[in-house]
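To keep things simple, chains are lettered A, B, C, D, E and F as they appear, and every chain counts its residues starting from 1.
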């Protein structure tokens, strides 16, 4: 076992590089470039929706198979830690956004809902990075994605509502938002896939593996091409965001990420798994959260929460965050 | 024979789709047509690409229904959401089909 | 210079697409625009998801063509199929392009 | 060879279970649930059409390859039996719908056209069930799908027209319906794939197998997700259907299914193949037939024929019918 | 309260999309809605299937903006490209939102 | 080594046949038939755009990997020859179209832009034909597609503009066309894929191979189904084209094709590679060129350039041209 911190710098740089030069990251970059040079490239909305559907169902299936193969005793710790992260991270995001970021209660709650939830694509990129870096990431992590996706959104909404409930907000109802989140397509597909995977087990899922498992990473590339375009359009709004928000958009993923890594190691996960949990914890949702927030907090400004989650935190995690969580996890692992 | 009714068009962010359909149904519309559209306006809001782009709802209604939907839109959605609405006069084939609102049948 | 013509809109189940296009062509339309839409009305009919949802056909025509298409629709399709149609007045850029029907040129 | 009926019950239950707990059936269930909980899940129409296109072409290709490898002498019997089923089943459906179901001639004919034709997805599910149950199903069965698809539709239309021709029906012409059926996309893709597969043979189709063959079952899952949603929407109309139609919607697949199994065994097919032929015969079309019926019999009520074929018979076959045909075929096989 | 404005519809080959959006923006439109359509007209032109089918642009504008866009279309695009345009009167919910063109505010 | 011309005829016929009876060509034929029999088959536009996106990115990726494995010294010759073809072929197309085809300068330039560029699908079909015929085609050929795609378009536009610049043309600006071509989605995806493939190298691209490489040929089949429909619609316009244009539509691919074969052999390529370069050189673009021409030369008639490139030259190459270039290349190879 290497003494902590030893060859660390060399490896760290290498990991960063490994992470950046991958089809997934480069497709994201290609999407950004397409917007910058004003290309007429476009992924038809139907294709984009089809790809999301596929990715979410596939993540669920993989997670389900892993769950069916993991003893409950081994799952309990990580699941609990994930749940705790689902409550802690929106709270810290809310407080920082409110006091350092100077956002209104509504906007701070909206942002908190995003940072409390999880970005499935960041999760996937972290899984890949772990594999490329030779680290082991537990198969049941996809199940943790499902666990992490919901609570943070509710905590964010409750925080925002707490003051707003005094008659101010109209249009958005909390009940509807609950329904929206729980029946929303992303949760449905993720949980649906999870249940199907768990019920069917490895052998039966094997039969659909040539569609759901093997080509998965390639499909992710196509998806990231479009996501790059969306993020690039969001980045244009960065100039209106103010430096305080930009600082938080990079500090929050780091802070939550390291919380996640530590939590994962405490729960006894492998260094790779803890790093991935860090990436999940440090990521901000841009699928489930925006829809719920739009319903429950229509007065909150999407220009703030979407720009932060998609224009700042997502690319930050993809390029800096993930390799850093890997390095931190490697570095801390021997102490656990 | 081809009575003049209103065609009301609502363009809104996707997230409102179900609510708007419920609204126009409740106010007396007998049907509607949905179109997936893209658009830009003064708000530039989009909940998420994943939710799809905007939705355009077209419904043929009597003038009273149209006015009621207008009022509801203004009260409930116009402020917080990206939504626009407009009506125009249309001449409809077998127009009796499109007027359901009992008292409003004699739209003045 | 910008003569007033009719914009006719037909919303129908997909299965009628080719027939309706033939119909409006025969009655004098010089072109049309097709939109893939979804919808609900009083009949709730859909041949099959596989066939796709409804289709909305928009065509700029002279008033006489519009009337003839209306008549044909009522006679041939309105009863058995899910179809609605309406017209409105439009002011068209270079409108002479859209009137083909020889005797109907002097639409009054 | 097991004495007929011996371990049958145990195996039957196991087969039923095997059939129900599969990614395909569970994705169908997920679609149904999505509608029930009013999720905003939707498969974009373009994706759905793309999936159908893929599935039909792939079925054709596979069937074509099998045909190219099967001696004509071996094909003749099953093809003939299939053709006979294509005439018998719409007739029995018509008579039962007319006299027991109390439908008008037009509606009875429309329903007959659906039950006389075949549901490609039921066929596929049966193939999978056979494989999962360790039974052999002949490769040329896909070719039989193409044979079974057309005649039943015509018989149904003719039966409906027979009385209606007395001036009553307007709008729909029989000639157009013939054109619609024969040039309709489902037939075109199925026959097109069949011819391409036959001409190219196994070796050349091998080259496109990583797209058309290997991931096929996974694609089918996605398709069934949407089909579940469509079926669930149809099920809402069940309450208007009346108990007589519901009874027929479950009796017809059983009756036609057993006819198919017996026919298949008579033609010398393997027990698995006969069971699949049973499932085909017992299934009701919801792709080719509805379009043709809508053109030729616009007065017929889609609320009846679609609800029966998609809301009753399809889920019935998927869950009860297919395992039953397997069991019956196993049970009868020794007698042939 | 619900002022009457113009709804301008432009149907054009896809390749013009960005240019047309720029044009209507420059002439004072505050927004627009885009629909992917198919169509046939007198020219039957399509740059390439790959580019997608036609595009229909709908924009709510004041009458002066509408006229200026008409003029520009006629001058720059009508001859060489497959494009049609028409306007109709619409009654708009909160219509002040749609009039931006400073001198044109008092559209006569 | 076989004496040139020896078993040639036998092999030639066999190659032609091999080339025609393939899933790719037959799917193209199926598309044509669908239009002829007025089937309601349609590939949704979103699917078609999704497929193009996939194909272009995949070609680029494959080319990039090949480039990363090829020494620059080996690439230089073929790249140079390709560039020369990119200037020669539009020039010859322009002169022939102007003087033999009697087109206006504008229309001749528009057609030249198409014949100077390259059809990615013809390239792919040629690669397959080479493999099926047992010939070796260099992996870096995809990179040559990118090199060949752009210059011919510009040469064509310049030729057309040369006279038209005298105030006549309005609407279309050359500058816009340059932007359109360089930022156009086809170039962006091709070059983007190329760069990603080169940067990532074989090992990392391997991870997305189950999506971008293995099923590629099958996806191509689906694409050709739609392309067959588009081509068939174009063929209807053939009667208006006049015999002079039809002659050129078959002569140009042959002429440019043989130029390409000879150029490839001079550059030291394998017979298979030279044949593919011939097919590229002989092909006419129908993705990048039409869009650019429509912008820069709106007065040019798409009825001429699209009908020629898609209705005449593409099917001609697919059925006659490619096998002929293979044969010619085999026949000439021993002399180099």
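Definition applied: contacts are C-beta pairs under 8 Å (C-beta built on N, C-alpha and C of every residue); 3 or more make two chains touch, one makes a residue touch a chain.
What you are looking at is a predicted structure, and each value in this text was computed from that prediction instead of being measured.
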Just to be sure I understand: going only through chains that touch, what's the smallest number of steps from chain E to chain F?
1
What chain is the most remote from chain B, judged by the mean position of CA atoms in each chain?
F
Name the chain whose C-alpha centroid is most distant from the C-alpha centroid of chain D.
E
Between D-F and B-E, which chain pair is linked by the larger number of C-beta contacts?
D-F
Determine the centre-to-centre distance between chain C and chain F, using the mean Cα coordinates as centres, and give it in whole Å.
40
Between the Cα centroids of chain B and chain C the separation in whole angstrom comes to 21
What whole-Å value do you get for the distance between chain D and chain E if each is reduced to the mean of its CA atoms?
48
Among chain C residues, those touching two or more other chains are 35, 51, 88-89
What residues in chain A touch two or more of the other chains?
40, 44-47, 49-50, 210, 214-215
Considering only the defined contacts, which chain C positions touch chain D in the complex?
13, 15, 36, 44-53, 76-77, 79-81
Taking the complex as given, what residues does chain D use to touch chain A?
21-23, 26-27, 30, 33-34, 37-47, 50, 128, 210, 214-219, 221-222, 225
Which of the residues in chain E end up touching chain B in this complex?
2, 5, 7, 30-35, 60, 88-94, 97
In the complex of these two chains, what residues of chain E are touching chain C?
9, 11, 35, 37-42, 54, 56, 70, 73-74, 78, 84-89
Quick check: in the complex, which residue numbers of chain A touch chain D?
44-47, 49-50, 53-54, 57, 61, 179-180, 182-185, 188-189, 192, 195-196, 199-200, 204-205, 207-212, 214-215
